[in-house]
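In what follows, structures are represented as C-alpha cells.
The two complexes that follow have chain A in common; it is paired with chain B in the first and with chain C in the second.
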Partner chain A sequence: MSAPIETMVSGTINGRTVAVAKDTPLLQAARDNGVGIPTLCHHPALPPDGNCRLCLVEVGGKLAASCLYPLREDGFSVVTESGKIAGARAFVVKLLLSRAPEDECLLRLAALYQTAPDPRLAGDEDGCLRCGRCVRACHAAGSDAVALVGRGRSRKVAGAFLEPPADCAGCLACARVCPTGAVKFRETKNSRSIWGKEFSLAPCPVCGRTVGTPEELARAGLDPGGALCPECRRRAMAGALLALPENAAPKRG
Partner chain B sequence: MSRLIHFCHFLVNSDYFVGNIRAMSQFDFQTLEDLLAGTPTEPRHLLPFLQRTQEKFRHLPREALLAAAAHFSLPASRVFAVASFYKAFSLVPKGERLIAVCQGTACHLRGGPQVAASLEKRLGLKIGQTSADGRYGLESVNCLGACALAPVATVDGAVRGHLTPGRAAELL
Partner chain C sequence: MRLDNPAAADELRTRLINENKTFTRRLWVCGGPGCLAAGAAGVFAALADAVAGLGLAGSAGMSCELSGCLGLCEKGPLVQVEPEGWLYAKVTPADAPEIALETLSKGELIVRLLDDPKIPLKDDHPFYKPQRRLIMSRMGRTRPDSLEDYVAAGGYSALSKALSELGPGEVSRRVEASGLRGRGGGGFPAGRKWAACRSAPGPVKYVVANGDEGDPGAFMNRSLMEGDPFSVVEGMTLGAYAVGAAEGFIYVRHEYPLSVARLKKAVGTAEERGLLGENILGSGFSFKLRTVEGGGAFVCGESTALMASIEGREGQPRVKYVRSAERGLWDRPTLLQNVESWANVPAIVAEGPEWFKSIGAEGNPGTKVFSLVGQVRRSGLVETPLGTPVGTLVDGAGGGARPGRTIKAVQTGGPSGGCLPREKFDLPLDFDHLPAAGTIMGSGGLIVMDDLSCMVDVARYFTGFLSGESCGKCAPCREGLTLIGRILDDLCRGRGRRGDVLELASLGETLSRTALCGLGQSAANPLLSTIRYFAEEYREHEEEGFCRSGRCQGMFVPEIDADACRRCFRCAKVCPARAATVKSKREPPEIDLGACVSCGACLAECRFGALRAAPKKKTGETKARESSKPTPDDSSEAAAGRCSQAEARTGSQKEKKGPGSKRRRS
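And now, the complex of A and B:
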C-alpha cells in the first residue's frame, strides 16, 4: 500500500489487525486481506449501491452492508461470520429467492445458509433481484435508459413511462452485468432487440464481423456506418504507427 | 431532396411546430411553464417541483416529467423513478375530491374497514380508484396520527373523525 501513513486506518477483521487506506470500502478491505464476503449486487467496475444486502457483516456488533461501508477511523472491529450474520443473510436469500427461485447462485447460497423460498411470497418470480447492476451499467455506458421504478413489490427495472427507452443504444451493457440473466434480449446476424426496441447491427467494413448497433457506435464517437471492429482497428492502428516517419528508426533522446 | 429534409427539420424544430402542437393538445403548458419558471435547476429542487405539479394538475402529467428532465438535466428514467416511488404522486389524474380512509391499527380496530366499505359502495369505487367523471377519488392511508379520533378519514387533506358507515355519506 502506497498511501501516506496518515491516510491509513487500522482495525481488526475477524480478530486480525489490518491497515487500509482511509475510506476503503469494508468489502474491498476484507477481500484485499483474503477474507471472502458473498455479494450479488456488487460489481467491481460499478459504484456500489447496497441493494441486495447479502454482504452484511458486523461492525462493532452492528449489521452493516460491507460494500457501502467506508472505513474512516482507526479501531474498527469487523466480524464477517457469526450466527447473527448467517441469520441475516439467510433471510436476504429467502427474499431474493422469491424473485429468482431457480437461480443457480441463489440456490447455492440457500444451501449454504440453510434457507428455502417462502411460499407466502410466491407469484413474483420474474428472475430479477432488483440489484440495479443493469441501471448502473447503463449509466456507466453513457445512457440512462432504465431505472428502478415504482416501489415495494411492484418496483422493477424499466424505462421512463414503462416504455421502450428513447436513449437505449442497444449496447447490452445491462444484460452483460445481470447476475441472473433477467435482462432479456434477442440477436440475429444483423439485428438486436432489447427493452422493446429494435436495432440493426453494423458490420466491420474490413472483416464483416458485427461491431455493434449504429447507436452505440455513435455514442462512443465512432462512425455509426463504418466503424472497424476492435481487432481490425488495432491492426489498422499498428500499421499507421509503423508507417510514421519517426518510427522508421529508433530515436535517441 | 436535402431541401426537403431541411424543411422537415425546420418543421420539427421550429417554434412554429411547437406552437401548433400546443394549440392542438389541450394540455395546459402555460401552467407548467409557470411552475418551472421560478424553479432553480439544481436536481434537489425536483421533488418540490413534483409536489407543486401534483397539486396543480392532480397528477404528474407526462409533459411535466419530460419538462422536468430537461429543466434539471436529469435522465427521464430517473425523473420517472422518483415520480413512481412516492405514494403522494400519481401518474393518472386523481379525483377532484380526494377521500382517504385511515386503515391504521387504531382506525382498523374501531371500524375503519366498515367506513371504507360504505364509501366504496356509495361511490361504486374500490379503494385506489377514481370515479369516471373525475369527481371523486378514494384511497386508504396508514395512520394519520389522529388515532384519538378513530376511525378517521381525510377529505382533500382535512381530517374528519369519529366516523361510522352511516356518517361516511357526509364526506361526499
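And now, the complex of A and C:
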C-alpha cells in the first residue's frame, strides 16, 4: 500500500512500535507485523462483522474487537495477550463449543484457553457458530439467498421464510467459507444439493470437468449451457490471442 | 395561517395568552397512558356532555379538555381544576354532573373526590412535593395536539429566537454549555455530539429522535410523545438548524399507536404553519421531519440498531468505534438523541445554559422523568431534578411500601439496570452515582420491590427478558445470557449447585466486557447488582434451596405469626391447594404442609405481614439432594463432582447427545 506519509499513524502493539496507514483495522495491522490474533467470524475476503468476539484485544486497557477497530490516531497502545484477554476468549470459546463441540479448531482453542463446554448449554449442537460468514459470502457473490433469521438463541442461517432459498445459485460460496463445515451440501458427478435445493451441474464442453451450476454460470454472465471451465477458457483465450496477426511469431533471420 | 417570520410566532403567542385570559375556570382531564387505561376517555366524554348540558362552554369562559399526563397514574382518572389547582382522583363518569355543576360553574371543592381530603391542592400533595416539572411542564395545561396551546405556553419562542437572533453556532454553543446529558440512558454529554456533528464535513446530515421506549414498566417517553409532541418537534428543528441537517426522523415504537398519531399530527400541523418544511418562519432554513415506526424489537432502541432499522435493514447494532455524529444514518453525520433529550432543547435555547445548570446536581444539570412503578403506594411518572435521592422518590412521591410489606430494593434503569438495596436509598439519582453503585440511569425506570420479591428471581426474570430480546448477533450475549439464564433457572427451582453463584458472577463480568453493543454490555447488571447486594439470598438458594421471599415455588413453607395475624382468613380463601383450614374464628388458620404446594399466594394476600416464608423441613427427598452435593472437603473430586451432577441433568434430558453424556460413558 502506498499511503501518503501524512495518513500514517503509529503506536505500539505488544510494546513494539509500528506504523500503519490511518484507519487500518487493528487485526490487519497486527498480522502485517507478525502478531497473530485468533479469529472465527473474520474472513479476509469478506467485510468484518465483529460478532464472534474471539479477536478481542486490549486497546489502552479496554477490550476491543480487533477485526473492526480502526487505528485512527497516533499513540495507540495495543496488547494482544493478557489474562483479561485470555479470560474473554475462554468465555467465547466455551460458549461457541456448545454449538460445535467437535470442531477441531474450537477444540484447539479450548485447549489453548483451558476451557470446556458447559453442559447446561447442551442440546443445540448443530455445528453452526452463527458467525454469518456464509451470509456475507452469499451477499458478496451477488445472491443474498441466505440470512441470519430469528433472534437471540433461536437465530440461525436460513432462506427467506425458512424455505429453500429461491435465489440460491448453488455456488457453494457459503460452504467454502464456513469455519466449522456446518453448511452441508451433497455432490455427485451431475448434481449438487444445498439448502434443500437440487442443482444440475454443467460440464465443460471441452474437457468434461464440472464447471458449476447453470444458475451460478448465468449469475456470472456466462452461458449456462456450455461455459468452459476456467482452464479451458484460459487456453481458448490464449489460442485466440496467438491467432491474431500481430501476434504471429516474427520470422527469424 | 402560515407563520412567515420569526416575530409572527411571538405575536401569535401574545394574542393567544390574551384570549386564554377570558377563561374563568377550566377542567383538565388527564389523558396520559395510565388514566386512559383507567377510563379517562369515558370521564372526559361525560364531563364534556355535562358541561355542554349546563351551557358552560364558550361564552361562559369555561371548558373541559383532555390534557397530557399529570403523572399520578395510580389514582387515575385524574381531573385538574384551574385556576384553583385542585386535583380530583379516581374520577368516574358518574361524578361528571356534580363536577360540572359544583366545581366548574360554582367553584366549589368536592372533598369526596380528593385523594387526601386534607389536601385539595395538587402542588401540596406528597406525590408532587419533591417534583420539578420541566419536561412535563405543559402536561396538564395544554391540549397535546394543539399547536396554539403549545405556543401559548411558551412553545416556539426558542425557535423564533434562534432564527432571528442567535444563529446556528450560538444554538449549538448553548446546548454544549448547558451540560445536558443524554436522557436515553448513557448520559453522554449532548453538547459533544452536537459539536462533533456540527463540525463533521459533508453536505448531508440527519437528526434522529429515539422514541423506541421498550423497557418493561417504563412509559415516560410515551407520555412525552403523547402529551407534548411539539416539544420534541421543536427541539429537533433547533438541532437540525444548529448542525445543518435538512432531514430528520422520529423513530417511534410501533406499539405506541397514540404516540405515532400525535407525533404525525404535530409534524403535519407544524408544516402547515410554516414551522417545519420549506423556509421555516421565513428564515430560509428548511427541515423535513418524518416519523418512522419501530421494527418491534427491543434492540431497535440501541442507537446503531435503530439507524439500521430506519435504513430498512434488520435492527442489529454495529460496533461503535466511529461515532454516529461522524458516521451514522446512511453513513452520514447524524445527531441522534432520546426524545426526552430533544424535549429539553427548546428551554435550554430560550432560557440559556446558566438557567439549565441551576437545576439539578453538579455535572448532572436539569431534571429527569422517572417512571415509578412496582410495589409502592403511588406509582406514576415523577419528574425531579437530577441528584434527588432514591428514597425521596420511593418513600416521598411513591408513599413507601404497601400495607403489611417492607421495601427491599429498587431497580433503576430498566431491564438492564441494577437493583439498589434499602441501605442505598440516600444515593442521588444521577448519571455518576448510579454507575458507581453498579446500576444505570437507563431511560429512568424505577421498579420498586418489596419483601415478597426474591432477588434471585428478579435476576432470573430480567435475564430471561434480555435473553429473549437479544438480537443474537454476538456470541457472548446470545449464548452467554442463555447460560446465565439457565443457571438462574436452576437456582430458582431448588436445583442450585455449589459454585453456581461464583460462576454466575464470573460469567456476568466477562459478558459485560465482551459483548458487542451497549445492551449486551449492560445485560448482566441485574445479575451482578443482586449478587453484590443480596449475596445472602443467593447463598440460601444455592446451599439450602430456600427462598426467603416466598417467591420461588417449592423452596419455602408458609409460617403464620399468631400475634400479627388478625384472623381475616384471606390466606385460607386464596389457597389453591386448600391447605389452610379455619378451625376456629379465634385462631389463625392451620396450614397442612403436606397439602401445601408452597406457591406463595397466602403470603402475597396477607395485609398484616403475619405470614412469612420459612425454610422447608428436611424430608427424605431434600436430604437425598443434599447428600448428592459435593461437599467442600471433597476437593479432590470437586471438579469431577460438578461434572457428574451436570451429567445427571443432561442425562435426564431425554439422553440428548452432548459433551456431558459422552463423558459419562467414558
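Quick note on the criterion: the second predicted complex is superposed on the first by the 247 of 253 C-alpha atoms of A that agree within 3 Å, B and C clash if a C-alpha of one lies under 4 Å from a C-alpha of the other, contacts with A are read in each partner's own complex, and residues count from 1 in each chain.
We take it that a residue touches a chain if its C-beta (ideal position, glycine included) is under 8 Å from a C-beta of that chain, and two chains touch if they have at least 3 such contacts.
Quick caveat, the model's predicted, so the values are computed rather than measured.
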Clash or fit, chain B versus chain C on superposed chain A: clash
When both partners are placed on the shared chain, which of chain B and chain C touches more of chain A: C
First (chain B), second (chain C), both or neither touched by A:130: second
Touched partner set for A:96, first chain B, second chain C, both or neither: second
Partner chain in contact with A:150 - chain B first, chain C second, else both or neither: both
First, second, both or neither for A:161, with chain B first and chain C second: first
Partner chain in contact with A:142 - chain B first, chain C second, else both or neither: neither
Selected from 23-31, 41-49 or 59-67: the stretch of chain B that, after superposition, runs into chain C: 41-49
Where chain A meets both chain C and chain B, residue numbers: 147-148, 150-151
Residues of chain C touching chain A in the complex: 297, 299, 314, 318-319, 321-322, 467-476, 478-483, 486-487, 490, 507, 510-511, 513-516, 643, 646-647, 649-650, 653, 656-661
Residue ranges of chain A in contact with chain C within the complex: 50-53, 56, 63-65, 68-70, 84, 87-88, 91-92, 95-99, 101, 116-123, 125, 129-130, 147-148, 150-155
Interface residues, chain B side, partner chain A - complex: 62, 65, 69, 75-81, 84-87
Partner chain B, residues of chain A touching it in the complex: 144-151, 158-161, 165-167
